[in-house]
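I have a structure here, written as structure tokens, and I will follow up with some questions on it.
For reference, chains read A, B, C, D and E in written order, and residue numbers begin at 1 within each chain.
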Amino acid sequence: MTLAPSLTGTVNPASARLENVCKFYGEFQALKDVSLVIPPGKVTCLIGPSGSGKSTLLRCINFLEEYDRGGIWIDDRLIGYESVGGRRMGGRALREMRRDIGMVFQQFNLWPHMTALQNVAEGLERVKGIPRARAHEIAAEALAKVGLGDKTGNHPSRLSGGQQQRVAIARAVAMQPRIMLFDEPTSALDPELVGEVLGVMKQLAAEGMTMVVVTHEMGFAAHVADRVVFMERGELVAEGAPAEIFQNPGDRRLAAFLQGYLERNSLEL
Amino acid sequence: MTLAPSLTGTVNPASARLENVCKFYGEFQALKDVSLVIPPGKVTCLIGPSGSGKSTLLRCINFLEEYDRGGIWIDDRLIGYESVGGRRMGGRALREMRRDIGMVFQQFNLWPHMTALQNVAEGLERVKGIPRARAHEIAAEALAKVGLGDKTGNHPSRLSGGQQQRVAIARAVAMQPRIMLFDEPTSALDPELVGEVLGVMKQLAAEGMTMVVVTHEMGFAAHVADRVVFMERGELVAEGAPAEIFQNPGDRRLAAFLQGYLERNSLEL
Amino acid sequence: DMLEDIKAAGKITTATEMHYAPFDMLENGQYAGFNKELFDEVAKELGVTPEYQDLPWASILPGLEVSKFDFVNAPVTITPERMERYAFTLPISDATVALVQRKGGGLTKPEDIKGKTVGIQKGTAQEKQLEAYSETLGGFTIRGYGSPDEAYADLAAGRLDAVAGSAPNLAYLAKTRPDVFETVQPPFGEPKYFAWVTRKEGSESLIEAMNAALVKIQDDGRLAAMQEKWFGTATALPKEMPAM
Amino acid sequence: MFSFQTIIDNLPVLAASARYTLLISGAGCFLGLIFGALICVAAVSRAPSARAFAGVYVSFFRGVPLLIQLLLAFYLLPLVGVNVPALAAAIFTVGLCAAAYISEILRGALNAIPRGQAEAAMAVGLAPRDIWTRILLPQALKISMPALVNELILLVKASSLVTVVGIVEITRMSQAIASATYRPLEIYLTAAFLYLAINLVIAALGRNLERRLAW
Amino acid sequence: MEFDLFREYGPALLRGLSVTIFCWIVGTACAMGLGFVLALVHRGVSARPLQWILRAYVEFIRGTPFLVQLFVLYYGAPMLGLRLDAMPAGLLGLTIYGSPYFAEIFRAGLNAVPVGQIEAARAMGFAPATILRRIMIPVMLVSALPALVNFSIILTKETVILSMITVPEIMFETQTMMAETFAFAESTLVLALFFWVFVETISRIGRRLERRATHYLLDRS
């Protein structure tokens, strides 16, 4: 299931920088002064308990969620606002920035009225302006690579959970973004597929795509990530190379979070 | 996050028996002559690749999906049809059977117009006839037990993925069914919560509830399951105690499926 | 027999469309008009109480046919075709066709409308007369309307040069809105009359009794008083069915 | 030209006639919503006979103009020996007709509700009545609220057709006054404002409910 | 029943029929177009004053009877110097009258499109017009089509009111026939039959469109 170079190509990776990002839902503060540098061409894994704000953070990076304070820069260009605390950015400019940012949603968000193939081809046609026939070719290839060669004609309602997730991944990857945001991209996949999808991601990483991955797969974080970021209750609590985070979890909360993970995941009885 | 006995009580576990169950989606055969006995009071884990028919099988057990051939018996009562190959069962009888069967869906299927609390209380009120105040009490307790004590008033749209999944679990568990169908109940949960939810399930198992769990958590299958069933392409390929399945995967496809799982899930570098 | 039934019930039920001033209209929500006063008198002569009902024209004749009421006390122009289908009383009013124009509209006599546009309520006996008149005059445009109100509105809006209708109606219109409308004298065409109608079956004796009452009311001067009140002038009505 | 005096003089009579408009449209709305929901349930039922019934119902009540339905109720029913009072005939006809439209609106809204919603309810063991009243209809109501308000407003205005059975409501009264005073513009505008007042209340209620149903 | 009548009045009725169908097609298309634009403006513009004007327009037009609107447009507007012929006035009237209803139906439909689907398109850098055309409209139609068909059917009946301003549509011609011949039962029957066929045709087309729009939904049981 490795994607051919024709699909991913070699991209010019983008960097991202977050400074003091705050996000409120009414009274509730989902992000508390998050500052973070996402280096270009590296894999950054975001781990943390449920409800800690991982998805919110990811959604702020492509400005699907409007952050309330602070700033997020993609390659030194502020996203969403004209200046920190200033007016909202124009639609066209935002759109241009988003073309460089791919995203795989936690709930997939496939378009129900399109087949798997159309879901993947749509962006190629409409955003990249690739002619229909060629777009369908690329889409079919991308779907075959995630093991869905025989389901290209199925609508999402006629796909299993894991199949839907793979369509979502193919849809994002086929667009060849410069930075990719994955929100739990393997949650619905079986171990075998997890392995293959992680393989794809490793390959993308190797080709230099910047990646931010929210994941509960500690194994993936440990093996693929260049940096691991641990969040809790909207705060960035720990950050470091996988070795630091997993072998010497200095923070008490991080240690508690990781505890018991290993024992549960062994197949020995 | 262990559920108090008051919530789960000690249930009278139900058994289930599948015989030559076939399910077609148009031309596509999703289940191929599946025969399986689910012993009462035991945990049966269903594993297998994405698209192999696990969800379909689970949905046939409570007849949300109408199977086309064969029969499924809950405690020796055929579900869905009056006799094998006969007429559809009456609505009332089906409803009565379903009251004994709990289900946690792969996509949660929370009711968006109700708060987390109402989602859990609804069935208690309407199906079990528990008075509103008491039902809310029980629901609040159940939510607190899955770590959502502070989110009872949130609508699903204002919950994170993992929080939604926990509401779905609380909704099913609070009904105290005699047999429970879990479709990847921990897919959206972080490792810490996975541990806790598995704890709840272990407790339920200990209290004698029959459980059928579709899972990609091989660790859980290995540690909690009494029986493990491996499916592929709609077929039941292997079945046995966890020790047999995981330590001596006789079947070639099963072996391939399990391979690489362990290495990926270690945190060593 | 209808007369016996009505006498036995002590009342006569009728229907009319209560917006055809000055015959049938609402004054402060109450039914009023020449028609009502005249019918009140006729009912008194018959010794029954009248019951009035407002219905749109579209459901009046169908309602009559399924006996929802006994009588149509709307002013219906007597024509040969209608006489084949319904039973008419003696005339209750003149219905000869006349013209009304915008105030200061420049028509001094009916003949002036040659080459101009005239509005008329569709399907009325007056429409037929107007068509005949158009032929004799050598042509003017006729526009049909669902009700006279719309024709008057279009006259005020300037799309029409004149509206044709029965002389009493138009006289009342000009009297009520002298700032907007004025009549064109004199009426033209053959003399026509309004009368009331009912079903044919079983109505001979009823019609006879009503005709007798109408003649009596005219003879003792009550009719003339009502005509003065509502039309401004009194004119004698035929005491026998006029030849059509 | 424009005479406010005419308006002032006739407003009380017109306003009084509004009670029929209110009565017929109010009762009609009520019947329409209830029957509409029931027809909608039938239309998506798994029983072919129920579906067929809903199909014929909608086809008849949408296909035949309300005016003619009223005439039928008023003039045809007596021929077969059913003599209903005009007001009852009017309310029922208006309500049954609205139900056809409302059922279609709700059916569309149901299409937008994910299948898993009803499945979750069935899995919990809710009875069909509860599935409809607690899970499906509330969501359908939210989705279709603007279209439902449309329908109710149309119903208020359609209540003017009951004049054919001899009920003098706002429209009829204004026609009568217009032809007595020869001031149709003034009178019709007044009538329009009465309708507007009623409909603004409905629209405001609808918006309020729509906001409350946000989740 | 005297069906000989139709030999004499047939041609006029047929003419009326085609006028009705013409008015309906043009009026509905224009009203739907204007309504869609209104719904988009409502959704896309957050400026308070504009929202206010929009609401006022919708509630005002929706809240008053078509008869009165048409009356004012045709008989009242000349007082202000705007004199339209019957047919243009009728079509303009239908457009204005229908637009707020369609606007509300479209608004409801667009609101029912799950946000996630729009977000997915936004995240990929789709232009707003593309999102509208490729994602929102197809998904919106699933819930809105029955209501759209509903109101289009209602408009067939509102075209009857155009008879009031002398547009020679079917009601106008039938009234003529009715007044001249007293053939009430026959006329009513003809009218009913015509509308039934007309409406049935529209709902058939609607159902076909609906089947196409919802083809991806699974049957619900």
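To be clear about the criterion, a residue touches a chain if its C-beta (ideal position, glycine included) is under 8 Å from a C-beta of that chain, and two chains touch if they have at least 3 such contacts.
None of these values were measured; they are calculated from a predicted model.
Following the contact convention of this document, no chain is adjacent to both chain B and chain D. Comparing the CA-atom centres of all chains against that of chain B, the greatest distance is found for C. With chains reduced to the mean position of their C-alpha atoms, the one farthest from chain D is A. Across the two interfaces under comparison, A-E and D-E, the one joined by more C-beta contacts turns out to be D-E.
Centre-to-centre separation between chain A and chain B, using Cα means, comes to 28 Å.
Chain A and chain E, compared by their mean Cα positions, are separated by 46 Å. For the pair chain A and chain C, the distance between mean C-alpha positions equals 83 Å. Here the CA centre of chain D is 18 Å from the CA centre of chain E. The multi-chain contact residues of chain D, meaning those touching 2 or more other chains, are 71, 115, 184-185.
The set of chain A residues touching two or more other chains comprises 107, 157-158. Shown for chain C are the residues that touch two or more other chains, namely 58, 62, 153. Taken as a contact graph, the chains fit none of the simple arrangements: neither line, ring, star nor complete graph.
Here, these are the chain pairs in contact: A-B, A-E, B-D, C-D, C-E, D-E.
Here chain C touches chain D in the complex through residues 15, 18-21, 25-29, 53-56, 58-59, 62-63, 66, 68, 147-149, 152-153, 173, 176-177, 180-181, going by the rule given at the top. Contact residues of chain B toward chain A in the complex are 25, 47-51, 55-56, 106-107, 147, 151, 158-163, 166, 184, 187-195, 198, 216-220, 222-223, 242-243, 246-247, 256-262, 264-269. Touching chain B in their complex are the following residues of chain D: 114, 116-117, 119-128, 130, 134-135, 138-139, 142, 213, 215.
Residues 62, 64, 91, 95-96, 98-99, 101-103, 105, 107, 109-113, 122-123, 126-127, 155-158, 171-172, 175 of chain A are the ones that touch chain E when the two sit in their complex.
Remark: chain D residues 13, 16-17, 71, 74-75, 78-79, 163-166, 168, 172-173, 175-185 touch chain C in the complex.
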